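Shared between the two complexes below is subunit A, which has subunit B as its partner in the first and subunit C in the second.
Moving on, here comes the complex of A and B:
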């Protein structure tokens, strides 16, 4: 295989897998509340920053990662309770757009105050940028491979959870009709809370994966990624796990191939061109369903 | 918007003077302080530069006040505002600074975008301003380097033009060159100038130019395009954090080229983010910090900084060998304020025409980042190609150091 093409494809599916993780995080809260957490980017940043901070305090890297994820999960509860729940009290309210985005900006400010505004080095988790394996004579970075495998594994596990477990079915029920689910004894509030925790954790993992690719993290980290994750979610179909994965991979691959074969100046813009094309041709996305409102 | 005004910086510099020698607050108060002001990126992702400028300015003012002030008056950084490198905020801040008629001298923001945004209003106002870091040449020479400069705008920054000339000398040793640059004015202008400078030295050179957006987390497309063009060397024009992403990306793709960076690229975030991968990278930067012994003014500045802030992020861990980027991030702010105070002293006045006249007559001023600074009515930029050196990153005693190659 052509080295040039192979490098672009590998990078495309690796970054695409991260977009898919972000998209899935957005989907999780969309299932239960029809709200998206636009503060996901700041959670990605904070998880990476906390990991650096905890590791610098002498904690083993694995414990630092777990500690950071624990805090990020807790912030998921906070976001649901204070940024989303009040905003959903009014029927059809879109206040959550501003409140989640505002909370993200608040987190950026907190991170800048505590950790400083400059980029800090993010440690290599498992592999360094120099580690690679040879596949059919091609040089494959282990960092890319880990990003891809972790992202795909998490997406598959979540899909299995939703399809095969009782709790997953309960999530599905809440997504279809929360009032009816409540009448049937499903703990709707806990499921909504759980979706925000899981969504935050996915953002945290995505932050850790992408931070080790770049090597540094700063308070403004993550904002672009959440935009591209949103594009992936809409492209694949809002609410669809398979759609999130396919959307992420399509956005990642297309960006890299366009950047490589046409122009690097168009690399970023093509993702938004895809979004506009999808909204014009198939607003529900590749795997989404058209929503029918009850009269 | 973070605002540090009279109560903060003014008090700090005045207090410094009080500690060092006889000072008469009543007399100084009666005469009033000489007030200077600027807007810069004190917070936000690019505060590496703005915070450095602020520190440099504080050190210069503190030192002048310790020596009795200028024209018998204490100097005060009366307006220091935060723009986070956002042009709109820089404009708002500069409007506020210009509304304060007591401000005698100004300093440009830490970047080409904000500096270009504020420069016309400062020219209309007429008060003198000195540019510490913005590299775009049109800030000083809006109609080209062969035309007159803006009358009240001076610069100690590394201009894209001079940096391009310096880098072209070493890049011309390669026939196929890749230039990867950020998509900002700084990156685009810088890449074009380097291209012209290299082609002037070596007409058969083949250059591949690729752009990226600041903060991109993966540069595979840019790098494989440079690789496909069979480049032997690559220059990165951008900031340190992005350079770290590029260097790590090169490693993941097993791309091994002679790697060069601009002075803005070889800063702390590059060293922190790319770790040992930085070894071998070459860059152009101020020459004075690499010289041993350092020129006296540079030595004084370095000692002042270390006494005030220790071996911190800007200085680096090695007390004997400060990071070269200290000249770019802090030294240039120190020089701007030092030059302004020197001009006020020579003018014997804080009247804007007199200060500009004195700045135009600046001759062999010993700067911290540029060894000898001279201005004329036609020449408003301090830096010449010989003020830059080419450095190479090496690992010595388990530490990455920049060694001057020439």
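Moving on, here comes the complex of A and C:
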């Protein structure tokens, strides 16, 4: 196999895995509220920035990561309470698009003010960029492998949780009919809050993974990632975990291949072209379900 | 035991209930009667915590729950079969039952509770893996009722359980309700337009007219008083 092609495929799969994580995070809040948290991009950035800065204060790297994730989870609560809940008051309101995006931009500004607008180096968490294993006679960066494994593992865990546990079923119930869920004693508010915390944590993890690959992080980082994660989610079928994974990988691979062989300028454009083609051919996405109903 | 005192409900400019009071003892069945738009569903929804309460209070077994969320009330032993055949349509029959049981009182183990449902409605055992939204109206009503009773409620609210069903199924459903009321010792409240059916299983009745209590009495009094002609 040609080395250039192989390196593009690898890069595509690993960024695709990150898009899949972002898509999964978008799915989580979509399940419970039909709202998407577009502030995810800034949470990715902030999680990586906070990790760098906590580590710079002399904290052990693992503690810095946990501390950053803790803060990001807290911001998830804040977003649900102040950006999404008020926006969902009116039935069918789409105010959350603006409020979550706006909160993301606000976080970006805060990060630039506190940490400066320059890119900072991101430390090696598990492996350094020099760690390789050999697969099919090709060198594969361990960092890329870790990204892929973490993404696949999280997606499998989430699927197991939703399909096999009572709480997973309760999440499904909240997505289908929150009023009925409440009347049946399901703690709707807590489940919604939980979905925002989990989605923020997913964004945080995705941010750490991508910062790890890129090696640096700056306040502007994360913005196009959330857009591409959104493309992946819609492509795979909004709300489907398998769809998030497949969508993420397809978007990651095509954009890297197009970027490598045609032009890097077309990298993101091709993702949106994919999105439009999917919307025209199959609006519910690859794995999207059409609702079962009978009046 | 359910007590409602001076309850008012309004949706913006529409006043659905005005100063409604009602008391239903444990082990009794109460029929809430009234024409379309009289406020029956609003009353049940206010008791469940899903209609906007303007004034008044609601007590379950003596405890004031007026300010509690629907899920907190449900945990106090309230169950509500809502208007409009509400169930989780994409989930199959057993998943609906399992979810209802999981967040209920769990006084019977799951296997026994499920077996009991299937013994009462054998057709549901055959349909257990089918998406509940695809069942017939009568079968859906059986699932909905079973979802409320499987939670072992102390107060059970039923909103027009007979609506749109064939007479034979209506009889089966009402026999089930009467059996549950007799065996469980729960407080049962049934909202119905068809006064004659509901008063057959009820001990007491309460007729609403334009959001106010127009008449209350025992079922026999109401049946004898020609209530249908005057109020419905």
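Quick note on the criterion: the second predicted complex is superposed on the first by the 286 of 295 C-alpha atoms of A that agree within 3 Å, B and C clash if a C-alpha of one lies under 4 Å from a C-alpha of the other, contacts with A are read in each partner's own complex, and residues count from 1 in each chain.
We take it that a residue touches a chain if its C-beta (ideal position, glycine included) is under 8 Å from a C-beta of that chain, and two chains touch if they have at least 3 such contacts.
Since the structure is predicted, the reported quantities are computational estimates derived from the model, not experimental observations.
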Combined model on subunit A where subunit B meets subunit C, clash or fit: fit
Partner chain in contact with A:169 - subunit B first, subunit C second, else both or neither: second
Touched partner set for A:149, first subunit B, second subunit C, both or neither: neither
Contacts of A:277 with subunit B and subunit C, given as first, second, both or neither: neither
Touching partner for A:180 - first (subunit B), second (subunit C), both, neither: second
Touched partner set for A:188, first subunit B, second subunit C, both or neither: second
Touching partner for A:60 - first (subunit B), second (subunit C), both, neither: neither
Subunit A: partner with more touched residues, subunit B or subunit C: B
Which superposed partner A:259 touches (first subunit B, second subunit C, both, neither): first
After fitting on chain A: smallest Cα gap, subunit B-subunit C, Å: 40
Residue ranges of subunit A in contact with subunit C within the complex: 166, 169-170, 172-173, 176-177, 179-180, 182-189, 289, 291-294
Parts of subunit B lying in touch with subunit A, wherever the complex brings them together: 43-45, 47-48, 183, 210-213, 215-218, 220-222, 224-225, 227-228, 240-241, 244-245, 248-249, 251-254, 268-269, 272-275, 277, 313
Residues of subunit C touching subunit A in the complex: 48-50, 69-71, 74-75, 79-80, 82, 86-91, 95, 98-100, 102-104, 131, 133-134, 147, 151
Of subunit A, residues touching subunit B in the complex: 3-4, 7-8, 10-12, 14-15, 112, 117-122, 129-130, 132, 139, 141, 143-144, 210, 213-216, 218-221, 224-225, 255-256, 258-260, 264-265, 267-268
